[in-house]
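These are the structures, in structure tokens.
The same chain A turns up in both complexes below, where it pairs with chain B and then with chain C.
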Partner chain A sequence: MKIICLVKYVPNVEDIKYDYEENVLIRDNVKLILNPDDAAAVAYSLKAKEVNPDLSIEVLTMGPKSVRPFVEDLLRRNVNKATIISDPAFAGSDTYATSKILASYLKEKEYDCILTGSKSLDGDTAHVPAQLGELLSLNQMSNIISIDQDSFNEKSAIIEVESGDKTLTYRMSFPAILSFRKETGYELPYIKYENMSLDVSDKLNFISNEELQLDEDMIGLKGSLTRVANTYNKNFKEKNKIVVKNDDQGIDYVYSFLKKKGFV
Partner chain B sequence: MKKSLVYIDPENVQNSIEILEVVAQIHQEEDFKSYGALINNSTSIQGLHQFDYIINIQNQNLKNYDPVAVTDVMEQLNKKYNFDSIIIPATHFGRMLAPRLAMRLHVGLVADVTKINHNGENLELVRPAFSGRIMAGIITEARKPIMLSVRQNVFAYDVQADKEAEVIDYQPENFKQGEIELLNIQENNISYDIRESEILVSGGGGTLKNFDQIKLLADKLNAEVSASRKIIDNGKADRNIQVGQSGKTVSPDLYIALGISGAIEHVAGLKNIDNIIAVNINKSAPICSLSDIVVEGDALEFVKKLSDKIDENEDQKN
Partner chain C sequence: MSVIEKEQEVVENLVDLLSEEQVNTNNEDLYEASVDRYKKYAFARNALDVPQPVAIVYPNSSDEVSKLLQFCNEERINVIPRSGDTSTEGGLENWKDITVIIDAENLNRIVDIDTYNMQATVQAGVPLEELEDELREKGFTTGHSPQSKPVAKMGGLVATRSIGQLSTLYGGIEDMVIGLECVFPDGHISKIKNVPRRAGGPDIRHIAIGNEGTLCYITEVTVKIFKHYPENNKFYGYLTEDIETGIKVLREVMVNGYRPSVARAYSEEDAKQHFYHFSKDKCVLILMAEGPENIVEATGEAVEEAVDKFSDGIIEEVDSELIENWFNNLNWSQQDIEDEYEGMKENDSHAGFTTEISADWGTIPIIYNNVMERIKNEFPRAHELTLLGGHSSHSYINGTNLYFVYNYEINCAPEDELRVYHHPIHKIIVEETLKHGGSMCHHHGIGKYRSQWTKEEHGSAYYMLEKLKEVFDPNGIMNYGSIYPKEDGIKKYIKKEE
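Moving on, here comes the complex of A and B:
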């Protein structure tokens, strides 16, 4: 059985702070991380491989060549193969162009399913998995919180999905695209000590547009149908706050406020 | 005459009605008609008279949870009516349907729109990015239809009296089935929707050691309980009650923030709240600048003290 894990490396938005006084983002010291939803997909795949050692995992990512050390660390965790799609010509691609680039690689491949995240921390559009589904004629399901391990085989899987206030259970036939949420509880294992500096370069493969041969009108800014025209900081309305202590006087103040407003 | 199609999510019909406000803001003074696409859910027609037309699709082979099949049907509708805009609520299903349909129709898509700007000729669709830390104004290539998904509970539509929708029965031609089967639906055990709550008592990291205790105060105020991401990530509460960007936008009359520092995605989930009380050991926590009253101190201690105070006064009344 073969799984392709589609992942993205994103700036860790947790590191981005907000200055409420100045209404600006502070982006200093922001690190690159494996998108948490995507990490859950890789973690699940590795778990499935423990049960079924014949299972083969390929990690696929698109981004700058600088993601290489991160991808190598996945190869040191028992991922069989990794492919980095990277070309300056792809820079600036929106989700529409990105999906086309990824699809042009994937349509030549054989696999039973593509596992990925539901959304990325940075763009947060959740477009790419669904658009790949369209381009590859596959069904796709987002917000997966668990896969029943016993049901997971070449033909199909039984999955649990969180949808608003409900948990839905589906059977999906393969091939299909399954998009996880980070809340699955599947976590990436540590790299074994003896594998920390393992040379994995023979399992790593770079693909550029020389191989994919996409028309330049399809990729990068030119191939994109959306563009960011403006960014806005969120202007929060500051109030004339009253600060009180957590003592009788403070509680009295809160209580009379609630009373005046009719809440008690 | 402009035509706009709204996909009505059977899981949340009310949100689809609110999208009529988006339709109005996009087309402004132009003459337009709104169409609502409703699949296998004719019992909802009653509540949908704010649309000009309801396209009522009843077909037992069509699963309204299968994005592949629904994309085929939406494409057929677009062929038939040649819509100027297609708008989809950013529900779980809508967020799978919209990108697929946009790719099928070769148009750009803007996800989770929270605001519509008209900058001269350009329609700028505003959405949160970087997990809500910044808002991005997106312009799409001038193709037809304009496509967007709309964040839930952000737009409000003024209901028009005596409006009657014309119901059009539509039978889809063939559609591909995505080989997906719904086996079970389980309602999660939260009986309320924090987006509807009038008073929210909300707990954050400062209530981690005993989150359940905040219910004490919530009960006294006839309020409901919500939480910040820290509580959810620590498994202390169900994700359905999470406030904030990856959770939900709330607009109660009163919001009591207990031990919540106010990470930007949390604050972004607070909309038009007149009364905010923040309890925090750090009176400079970000949420404090947005509050009417800041109580400097331990959140759980405050819960106990204010609950006692309310009890005392109730007793005096009796």
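Moving on, here comes the complex of A and C:
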């Protein structure tokens, strides 16, 4: 059985600062992290591989070459193969162009299913899995919160999906795209000590537009049909900063503040 | 005799020597006593690899310490002295199958506070904070204020050559100890008398101060006390372009002959974790003047002059109230330590690690920059670093210390965390420091982890250190593996090659 895990490395939003004077987001020194929903998809795949060692997992990501050490760490966790689609020509792609680039790689591949996240921390649109489904003529399901391990095989899987305040159970026929939520609770395993610096370069593959041969009008800024009418940062007003001492007065202040806001 | 039988026999003997209540064999306590904060994460995750001690014993007097040591010496039983249990470099970690922890808990008496002769005598198990509180009520202070003040105890503080945050004025513990009492493995009790100064041969206090439980057990210490003038305290804070500017200001103040009590320069990364509410992602410089009013005034002026001299690198002054607030809340209580343990149980993370070194003024920036460069380029897990920076917090006429701080995402099993993350970073810091003639251990001691480099640290003078061990602890029963390198332990418990 073969799974392709589609993942994205995103800036850790917790590191992003807001410059109140210029009203811009400060992205300096922001660390990349594996998008939490996508991490759940990889974690599930590795768990399934534990039960079924013949299962093969390929991780596919599109992004800058600097994601390499993070991708290598997935290979060190027992992922079989990884592909990084990276080319300056792809920079600025909207979700539609991104889906086309990913689809052009995926359409040549064989797999039983594609596992990915439901949405990314940074874009938050949840477009890509659905668009890929469309482009590859695959069924796609978002917001998966668990997969019944026993039912997971080449043909189908029984999945639980969060839908509003309900949890729905489906059987999905494969091939299909299954999009996870980080709330699944599936966690990436530790990297074994002896594998911490393992050379995994032979399992890592870089793909650029030289291989994909996509028309320049289809990709990057040019190929992005999304027209942004206007972008603006939500203007946050700098709150009055009040620093209180760690004494009775300070504690009273914080307590009455929380009370006023209804937290206590 | 099997190890279990031997253990039982040792416990019986200990009970005979002391009493049932003074011998603790509670399993949870023994698990806790098998390491210190160096293996804090593996401890919290139940992933320790070292043997548990056989018992923790609580002697009530120096004579009982003497009896215990004699017994262990005759039976060749490893002894680890313990006081406040805040050790950070493996000083309390156990590497032997049969080990007894001698805990100073019952040596808890403040013997004398002599405000005329400006000295206080306490037993080893008196928490520093308890002594300090008593003194403050009388208008005095020890001047010793390590961040672990609420938990650390006097015996341990002396045994590790600890230093407090006001050291630039009051000095390290070695400048404060007037006399002490200690017990050697053969049971001999030595009392070093309390005099202002003498030329009676080498200063033998220094055999006990900083011995980390490898030569003798400290039972009692007499320290200097100082008049306390908290009402005169003045705080100064600045944002600086780089840590070098901060260090230059510190040097200027010091070499001009002034002694601020707090004198600290932070890198921007380190500043961010302590002063997120005002640091604006810049480096931070902090000074505090204390003492009699005219000295505070003069010190304050000297600080301002030094800041003026390097004004090119100074971005802005910080409201002194913010610095005062920080100062009033910077110590770690037992609760803080326990909260960190709780956090480590639930998350694959901890509050970070530190490595403290020292060197002369000219060398410190070189070490800092080389270390930063090498970690970023050579550390294989650099992409997982969540914090890398440092600060200088103890200054002297000829140089200063550097406290490197670092933290990372942990993506390996708890038992591998040190090998994967802390060790490679620490190794770079130690290598760069020793290469440039600095000291790899400014104030946390050598413990077990840094014993790999003790010989390099001391060079040809290691001869003197080695002879002390041969004479005072010929059977090697005192804190096996601390300070004095032991290849088997280093391989098994640090490098995990077995």
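Assorted remarks:
FYI, the second predicted complex is superposed on the first by the 215 of 264 C-alpha atoms of A that agree within 3 Å, B and C clash if a C-alpha of one lies under 4 Å from a C-alpha of the other, contacts with A are read in each partner's own complex, and residues count from 1 in each chain.
In this text, contacts are C-beta pairs under 8 Å (C-beta built on N, C-alpha and C of every residue); 3 or more make two chains touch, one makes a residue touch a chain.
These numbers come from a predicted model, not from an experiment.
When the two structures are aligned on the shared chain, A:Leu121 is found in touch with chain B, with no touch to chain C.
Using the contact criterion defined above for the overlaid structures, shared-chain residue A:Gly133 touches chain B, although it does not reach chain C.
Residue contacts after overlaying the shared chain place A:Pro69 against chain C, while chain B stays out of touching range.
Judged by the touch definition given at the top, the superposed model places A:Val200 against neither chain B nor chain C. Of the two partner chains placed around the shared chain by superposition, chain B is the only one that A:Tyr255 touches, whereas chain C remains out of contact. Of the two partner chains placed around the shared chain by superposition, chain B and chain C are both touched by A:Asn246. Taking chain A as the reference, the larger set of touched residues comes from B, when chain B and chain C are compared. Within the superposed three-chain model, A:Thr167 lies in touch with chain B and out of touch with chain C [touch as defined at top]. Comparing the two complexes, residues 241, 243, 245-246 of chain A contact chain B in one case and chain C in the other. Touching chain A in their complex are the following residues of chain C: 277, 281, 322, 325, 328-329, 380-381, 383, 386, 411-413, 416, 419-420. Note for the complex: chain B touches chain A at residues 11-12, 65-68, 71, 91-93, 95-100, 102-104, 107-112, 119, 122, 124, 126, 128-131, 133-141, 143, 178-188, 190, 193, 199, 220-221, 239-240, 253-254, 264, 267-268, 275-277, 279, 283, 286, 288-298, 301-302, 305-306, 309-310, 313. Here chain A touches chain C in the complex through residues 17, 31, 69-70, 73, 188, 190-193, 196-197, 241, 243, 245-246, going by the rule given at the top.
Partner chain B is touched in their complex by these residues of chain A: 11, 13, 16, 18, 20-21, 25, 94-96, 99, 121-128, 130-131, 133-135, 139-143, 158, 161-173, 176, 183, 224-234, 236-239, 241-247, 250-255, 257-258, 261, 263-264.
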